[in-house]
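Handing you this structure, nothing more for now.
Every chain is named by a letter (A, B, C, D and E) in the order it is written, and numbering of its residues begins at 1.
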């Protein structure tokens, strides 16, 4: 857990102006305080979950690494290489990589390339719905520094500003083999205990939120499933 | 029917007995295809850092950065492409556009890392596992180019038509030709630094392409006040470093310059350049010699508002450009076009006035605020072999001078020219014309110390000389001139093995056993020119410093140790028009600085 | 809707519900709490790519549908306005990841048409080959994909494997696996590698075997028939009204095929008939696509046989770094595996295009048509109706 | 092709007729008559297939060009109808009654160019963008590069050198 | 026998059944993968998946029923197990089977489903709710032919005790219910297709449409419990059918072989057929299997 001091320090450090807490006058004349970081957002803050003791954690990490459940959410063009990956040619199931249809059951989020702002909103939401420890695999140039769409008004340039990323795979788009290499790297990282993206997200939650809110201007979501 | 529809799907089960088609070890079993567009590799020694790859990259994925161990030199920017794999899309347009062919893609495609900052690298400079790979995308062959590698052919007079007359050989580009030639430019700008005058070459080529002659003309005059002249006889060092020339023929930068200048009527000059009504600032500068350096200095100084007076020893302006270069290469009316414009800026010129004889340097110092001396190299050098004192042994520079003035000169039936430079070719070709006019045939041998490959003359000069039936037979060192009965019969030569010793000094080695004899009744020496700076004398001379080769020491603005005296052009930099122009331009700034400091 | 005569006709006729008002709107009150709103997508394994459908369901029946796109919007048309013509090529191919080659071809064709460049014969053949290969790899995914939506995953896996073999051929020929960057203005980027024809033939043989297998697995499958016959009916009257093109129109009995109607490249030298069906339901569309697959195999064999061995494959263009295309506008089209795929290109005579607009078949299929078709559909059929239209969201929003 | 153009010329005041190919011509019609023209083409001339509707921003002239491309599937020809509308308060009559899909095109044009089509169903709904508060992005005066650089944190640390400038600096 | 010993054997049996269930699911997935032309998951994958699921750090909950759902489901599965005689003639592995155990088992089959319904409903996800409503309606119709088949057997053997039914089938393969009462077997085996949730009757969790139906919101340890239960349930359902129709098992080897083939039956069909819509599958169960069930009853009435 982050203590209060740390929290406000973080806020001051990373806050963009439009996300500062401020007083707003309502139509009927009363003054209310608005905290953009928390007000339009409906889940609790994520919490840091400390790893268990070393030996057990090592074993659990091994199990986590060998059982990677990937969310079937094709966010960009890289998702065209996911079907070859899980079908006879490359058969990622051999390596413990399995596709899951719902974020609740998935541990690995493949950001397959560019993210339009509209998708980013859903990606953040989906990422937050996943259960930790969770990992993010970023495919292609677009997630690193904008790639093809570096000057587009509707795609983000750097994924690591919005969600923590574990492994990057170069390519536009990366071949399934490169993706498998990415999975190997991810496994290595998990087994080393370095893949603590979920905790990082919780620690720097305000920073991430502030970045996210800077570009996602419309936080309204339908109140049914999403 | 329904039963069949229930049963047939089960035939799929026969696949269960087949071996799976899965790739066993996908990470190692599957190299990319022969043409696969994987990661970049670059041959750093072949690359010249022209930046075409950066220009064509739609993602701004390529930066040009300095690399340790790569020096910036003429024709090589010293920069190398850095690729950002956070941007790259592996389209390989950079490979296809590469002017040297050094940049290629390999068929390696796996790069996985946890740190996104890793994905920037300089191909070739950082050891990457794929640097050694052979397979991968290379520029397709043949006939696949993003820009034409072939020059637009320049129309020239047929050798048979030109070898009797002094009519200009090169006809110049038409509009279509010029635009097509200008279109080949990749706008790298490698040429700019190589050009002594740092002309904005890509910009004026762009102006040609856009058919915006006035803009191009303005760009020319920013750095070069003699475009008509330079457009014809510039030594075009720019073309030797042109990046397009690495795989094909370099751009005809010189002809494009000429094209621009040719398109503009002399009456339009002032309007286009906006040089009407320059305010005079009341200061006066004298310029000695109306060669390229002097004219350039006069031009830029008068644009700054100085009152310029030029002292010219001959009857016409132009210096070596007029008196050293034959008319078939540089017609006199084109010299006049450039010179007249400069004179029209309010520059006074005194013809037939030699400094040191008609007026002394000290007088000039009194009368003017500053003096620029660009007197050039007008003294021919002699080989000093036995027999050179004979009357039929001439200095090329004197002959050219006389030809220009229209004086009758002695033209023998058999002539040998000693020397392999451009001047030697000029005199060779001038004399072939005269021989042709006089005898109807050519018996002309040009010989030089240098071997065929290292001839200092321009290649086209040599080629054209041969087309005009002169024999160019290089690689021989003159030994002696045979004189029988007071008449020259020929030249003994001996094979030259090397010219420079290991330390790079002039120290020719000969093979004494391999000799030759060129028949001749007239010999012309053209092995270089010397300067005559006898006009610098007395106190002034004492206040100057000289380097071992007798040249006056000047600072970067061509200011000598006598602060009012600026010296530039051939007498400082050696014979070259464009250097002279650059010197004059720079000296103009120097003079401006000097005079403003005094204020 | 077409009457089903066999005993397996369990498609209830619900076309009278919900009632339609006179102005064309549905006579239902979506705000009454009788209906559930459901979002399918964007994070949903069933939708064809990153898009969403907002469904209002009454029980299992959809009463209102709305397509939401924009999740893949990158602003290509804007980006290309600030890129050189040559730089548009790597950019434009990414507009549709399933068959990028049509983008390359159409942009190259537009540029050539506007600037009057003649393309060498060899390049025309190679372009035809690449376009047919692109269709092949796309169909290998979508033909079994129709059954894949109904959880018949085996066929999909076979198909994706064979598609991968075709991608290998692409890799050999073009240097790219998915994004080929093969067609450039003036021609293409290379000849066939050695032994390519033989390897192509090997793959084609495997695909023929696959077609037999998929015929047994899908088209003679009782459950597949029950799920698709009579479902997702497109009224032939809608074809012009909604701008339906390609296999979707052909399944409704319209023999419209750009390859035949407006022959481009070498299609007028190839011998083929337009495939069509008349039932206009999901099954008919699947059959049309299967026939297309067979036709594509045939076309590739014809191309391979008729193609010259060697020749110039690229005409010299002006220097691409500052290529100005004369001012003018044009519309060029080609037949992608989804239907008419066209580029409307405007040049203002500068080095960059003034405007490039893509007319993708999904633009009409996935928005106005899908919204119409889903009304009265069963919730379980939504996904297969969507896939049967072969929608591709990136070409809607670009 | 000529017959169709002649027919149109008889009834409508069209200009700038450009024949791009045998089967593709561009004609320009004034704003008020455009819908009438395409209605006529659809109903009487057999141009039943609507290919596309899009806009081109001629910011220099202060105009939007709307292009309706219509196709006659039987005669196999296309005619593109262009019409110029003012960039200020740009508005155009809706054509959704002729083809239902046109409503989608109009929704997009409204969002990306800011051209309004009153009466077009759902024209004000978000189509592609969400929460967009800048000028419509397809307009020429919207600078996407500047916007992207200000908004999306490009990864820092890149710098490049112009070879010409660098060499001048190094060699002089 | 001492209750403690008995319990020990029950746990031993549970352990074997659980591990066999996990292994069997891996084998089945590998076979399915083989038809598609690939290798599929490693044999040990289900164990790792379970360890991982139980060891996830986050596990958000939607309320009490969300917890109870998997618990109900497990009690359904374990409940069937507890009253199911595994090995015929073995007093150690006959668990707590008693005279009327068949009825109890039929009840437990439904119990798990209901528990799941409650928990998934609490999850709040509309897809869960849709899945549940589909699941319950399909399961109800599955039960009809199944019950008819069971009644037919009960009438045939005049008992409701599984052990006795198994005993009645001993003495040669021709004594199996499969041959003595083929219509009941057919009805039951067809309804088994629905019970195992493979195509064409898996619209309940259709991952392509309603991402995976009832367990949409279940994750981490909850999902681990559900998966553990599924492993047990698959084996135990197969064992039930083995006992009722295929002569039971005299030893563990026989049990493994027979349960494997019974489970394989649903995979065999599932791999090559797409799925029915819910009303189609309901109609289907109410047509053909029901017909068989009715015939089976009529024959033995």
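Throughout what follows, a residue touches a chain if its C-beta (ideal position, glycine included) is under 8 Å from a C-beta of that chain, and two chains touch if they have at least 3 such contacts.
From a predicted model like this one, the values you see are computed outputs, not experimental measurements.
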| item | value |
| --- | --- |
| Joint neighbours of subunit E and subunit A, given as chain labels | B, C |
| Required minimum of steps from subunit D to subunit E, each step between chains that touch | 2 |
| Core chain by centroid distance, with centroids computed from Cα atoms only | C |
| Farthest chain (mean CA position) relative to subunit D | E |
| Taking each chain's C-alpha mean as its centre, the one farthest from subunit B | E |
| Whole-Å gap separating subunit B and subunit E, where each centre is the average of the chain's CA atoms | 89 |
| Length of the line joining the C-alpha centres of subunit A and subunit C, rounded to whole Å | 32 |
| Whole-Å separation of chain centres (CA-atom averages), subunit B against subunit D | 50 |
| Inter-chain centre distance, subunit B versus subunit C - centres from mean C-alpha coordinates, in Å | 56 |
| Where subunit D touches two or more other chains at once, by residue number | 128-130, 137, 142, 144-145, 155 |
| Residues within subunit E bordering two or more other chains | 33, 35-39, 126-127, 207-208, 211, 271-273 |
| Touching two or more other chains - residues of subunit A | 87-89, 91, 94, 101, 118, 144-146, 148, 150-155, 158, 172, 175, 224-225 |
| Chain pairs in mutual contact under the definition given at the outset | A-B, A-C, A-D, A-E, B-C, B-D, B-E, C-D, C-E |
| List of subunit B residues in touch with subunit E within their complex | 9-10, 12-13, 15-16, 18, 20-22 |
| Complex contact set, residues of subunit C against subunit D | 69-70, 73, 75, 77-79, 81-82, 113, 240-243, 245, 254, 256, 261-262, 328-331, 333, 340, 342, 344, 346, 354-355, 357, 359, 363-364, 367-369, 372, 397 |
| Residues of subunit D that touch subunit B when the two form their complex | 155, 157-168, 170-172 |
| Subunit C residues within the subunit A interface of the complex | 36-39, 42-45, 49-50, 54, 70-75, 78-79, 82, 90-91, 94, 97-98, 141, 156-158, 160-161, 163-164, 167, 177-179, 394 |
| Parts of subunit C lying in touch with subunit E, wherever the complex brings them together | 10, 36, 38, 40, 44-46, 60, 147-154, 157-158, 161, 217, 221-224, 226-227, 378-383 |
